[in-house]
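Structure below; questions to follow.
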């Protein structure tokens, strides 16, 4: 190898050629991926914004503040759905985060190894169960239970959606929180014990605060998941065509259900309006992701300071 | 006042699972003095230090026999670990302030023990930081993150945090090994200052340091105490060949 | 044979973005010798070493001016990086064998360069491992993972891996800093052995090591070469005050 | 056996009440088992649309393809409006609808292959046995909200309706006049006859509407204006909530297989399946 | 400073809450799995796993045999060598003699269609078997010409088509998305210059991973099913899912690529390897376990997906024969489960599918664990 012979020159040229071809393949794949990203965004937005521009346009204000969705009479108001979706998501977070976090604490800090070995796979299973199964469970159990106590006499409700979404985001919250709890350096715990703190004090005054950015991003991911869930909530939400939810017993029509229920037959403006609903969902997710990125970059800073 | 026993260790053996990390330790540790533990890596210095405030309780699979008394009370039999740790504070090798403000770091201990009144906390925080000789450097940024100051400052904040629970004893495990020479000197001065009010036990891998600040020195080797005596004695006239070899840098 | 120039470095400046890491370096490096680079952390030793086999090409935002010739050929203008790196091998600070068998690690380079015949590879592997003084220790477990041996052995496997591509020059960046004393000695012996056939350039933070094995020593400080001379000269009669301070341990 | 259907559909005839046999020549090749196979039909026909017709259609398909083993017919229940939309877009070969075509959909050809009633269903425990069209309208438009207003117990009425794509919903709204007033905002909207049936079966205070073929022991069909929900009554026209089942298609693009099937569905053999599932024959 | 009782109380309460939460979580799982298995397990059996979903009706011709060994039994059809029975008003073949001619039955295309026990006879010759007595049926079957034409219905009720379709969609989606995703990740991680552009791309990809699958369904239906006229088909479904999974595959792969130590790249380059050689010989092998886990996770998502598939792959229970067109429509287990609930309100049968799905998910979880564990072992040894 000390001297470059003729054969090696040929080999080198082949190498260069191969190098270029593969470079192109990798680049091409990246381009396809990026293009599909652009295609979706462009497509959803262009369809979704169409009804609000040009002649005969639908008032965007009416769309975003409207309280009734009835394609038959050309009323496309989604405000009550936004409220429903947001309330359902908030409710799920309010229930799911404490339960999830405390369960994560149990797994990461308290449970003996043997129990962890059982619970953890169980939670992973919970994460892998198709959402339709949660819907079936919601329909078969939760809706029936709520019906028994609801003043409206009906189980399909905001509460049912909250319950099912809580269950669905639990695995996300638990696994992410658990790993961020585990990532808290041992030295924090030692320092706390060294100051005479009890185990519980150490957990809640030191470990959990130190893991808060991880827990926060778990929460944000949970929000995204709850907001985007479709089939399971559609089966139990009630999907009323108008009116703001007045209590947890009220029916709601989540944004995702709205799309899912009508996309099979929608055409023309109606279809565009479903895309517009998609755009609203999209924007929610976008904001949620921005928050997530903020949190993770903050977390990165905090870590590097150490 | 000299040579009043604070801790008395009798026939102490410690196992990590099947591995014996401490072998038959017998030792008296004295009030108002600085005792230094030296010895090569892995000889059991940290392990022994941790038995004194029962930090080893947190490690799985540790077995301990023998006993340790503090002021005559058996710390394993007749005292709960939390009370013990409130009376025996600890400073670690790596500065490990909590990821919160300087103030909250120092106030952590008092709060844990039920003190929540702001004026009282303010006072404790100021006093502790002053004692740890760091007040002037941080008094303007008490609300800033404790992680945003230099390593040496962090270590003194950790010492202040320990002082805030008003312990009787302070254990220090290589408190300066992660620090630069200037910070090291500051901590050493601080230790000498503190020994008036506290009993201090310090682990160090730095012979000079042991020589400079400690009153007594114990030399550990593979879980045993080879020699334990006045520091001057140990450094100038070691009785044991192994001690001499170690001190003169022939191994380790 | 002595003092036959292998590399000639002229007016070399290197920037990482806006930060100038190497300032106006001029130096001749000689064939069949061991040249040591010493200097405090961050002074540019590794950076300079990497310019010699153009590993800096892989780093984003590096700007280089000046030139380096090997045997009179400009390595940045008239040679492609891959050919250069085949002729100038490199050993890193952390032993970094690939996660494959010992055999495959050593055979990696030859395979890359188109040698696939088993008998030829067998020969190269054996020869390289022998040269790296590790053959006897690993000959029975060539098919085992290279990660399953000790750090010192890993480092010698990495050296064997480099030798397998029959380079003319071997660059070593603190090759022993992660190793225990015994392994360190073995690598030092190996380096002294290898200098018969190879030109060796070694970065080290260990003055004794530089003193023990190198023929020439260059002292770096903040991107500049402060002094470059025969090792004996540097260690016994440093011309520059800064060199003397550094060698006597007054700073760094 | 195809190409004769241009005259089968009367463009002006919509919502026709009298079941007119559309095809007069009988029998077609497909239903004479003793004739050796003369057909060489091969290919696939995709049908999308009404879910109410599923049971009938699946039997017909099964029977038809038994005699035409090279023909494959797929049916996907997406709702009538979806089926009609698909037919207009050319996304299927045949659309199935459980309601009449609307004005804007009239470009399509249609074959009526059955009539069906829409049953108004309650929980079996509900005491109410009869509702007038008027009452049904008021319940669905939100004017009546409590069963006590109808002589039942004091409980809120849970109104259950279908998704927008549903032809059953379209027909129901048209026949009750609900289309002009609009569904009450708080109505529960669910997908599919099955879900309506299950929701009503699961709630004592619910009211829903389903195709006749979904009446079973779990839900109770009320009499409408005093008339029982039976195929006979619907056929006679006394039970007013009845509508046609149609297959719609594009004349220009219909394949021979599709045409053959369209012809088959009105044959006597096929019509038996209509009866089997509680529908009303067209012949 | 003594510990006060207040602290002890607080500790106790918090500890209680922790145990409560963990119990709730576990209880939820137990209840869900319990519910599904309670409802669904009775319906899972070999027939359920191996049969077609829909009944299959076929017209067959059978040449009778003439060996009359008359038993005179009412349920034995001598000329066909079969026992028949009346079940649910249907005439069903109960057993078939070993030399029975129905084993050589042919369909309308003259292709062999062997009759099996359990087949329902709907018609024989010109006799319709609807509402017929056993005697009449026997008579109709025994009489007539040498070849008898019968209409046979083979009952369905199994999930075989959905199992097969699910596998098809998994395979197709991965064939499309895995290479593109992995190559794109390699490009982004190994080739692309860091900077604003790359950050924007990463941000976009990250965002896409969070978009609800129903939006992908909407997009897929309009673009693939309608505009590109792929109709409800496995390909339209696979395209839609591919786009949906790409972001996840790219980011997970990038994660694992980042975990490959920089020193591996450096030493490989230091030995004179080209970039491509370094990628193919060092980086990809080191990242392979991580990539595999990413793929298994993708399979899990495909198995569980419904919203994006219902309107792109359809809900027809058939084994797809082509990639596009109406013979390519395919319901996966999950979409069929949803369909069942919606159209038939049959929670039992839906739960039976759910049981199969859960078992599948458990299997996938174990597989990915196995791979990770193997990988960890390799790393540490």
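Order of writing sets the chain letters: A, B, C, D and E. Residues in each chain are counted from 1.
In this section, a residue touches a chain if its C-beta (ideal position, glycine included) is under 8 Å from a C-beta of that chain, and two chains touch if they have at least 3 such contacts.
Predicted model only: the values in this text are computed from it and were never measured.
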Subject >> Both-way neighbours, i.e. chains that touch chain D and touch chain A >> reply: E
**OP:** Name the most central chain, where centre means the mean of Cα atoms.
**Re:** A
Original post:
Does C-E or D-E have more contacting C-beta pairs?
Top reply: D-E
Subject >> Chain of greatest Cα-centre distance to chain E >> reply: B
Original post:
Between chain D and chain E, what's the gap in Å when you average each chain's C-alpha atoms?
Top reply: 31
**OP:** Take the average of all CA coordinates in chain A, do the same for chain C, and state the distance between these two points in whole angstrom.
**Re:** 50
**OP:** Averaging only over C-alpha atoms, locate the centres of chain A and chain B and give their separation in whole Å.
**Re:** 48
Original post:
Taking each chain's centre as the mean of its CA atoms, how far is chain A from chain E in angstrom?
Top reply: 24
**OP:** Provide the list of chain C residues touching at least two other chains, using ranges where the numbers run on.
**Re:** 82-83, 86, 113, 165
**OP:** Scan chain D for residues touching two or more other chains and write them down.
**Re:** 89, 190-191, 195, 198
Original post:
For chain A, what residues touch not just one other chain but two or more?
Top reply: 139, 196, 198, 201, 235, 264
Subject >> chain A partner contacts - residues on chain E that touch it in the complex >> reply: 1, 3, 7, 10-11, 14-15, 17-22, 24-26, 28-29, 31-33, 35-36, 39, 179-184, 186-188, 190-192, 201, 203-208, 210-219, 221-223, 243, 246-247, 250, 274-276, 279, 300, 303-307, 311, 334, 337-338, 341, 347, 350-351, 354, 357-358, 361-362, 364-365, 369
Subject >> Residues of chain B defined as touching chain A within the complex >> reply: 53, 55, 58, 82-83, 85-86, 89-90, 92, 94, 96-100, 108-109, 111-113, 145, 147-148, 158, 161-162, 165
**OP:** Quick one: which bits of chain E touch chain D in the complex? Just the residue numbers, please.
**Re:** 54-59, 107-109, 111, 123, 125-126, 130, 149, 151, 153, 225-226, 229, 231-232, 314-316, 318, 325-327, 329, 339-347
**OP:** Could you pull out which chain A residues touch chain B in their complex?
**Re:** 185, 187-198, 201, 205-206, 209-210, 302, 305-306
Original post:
Contact residues on chain A for chain D in the complex?
Top reply: 68, 70-73, 139, 143-144, 147, 152-156, 234-235, 238-243, 251, 253, 261-262, 264-267
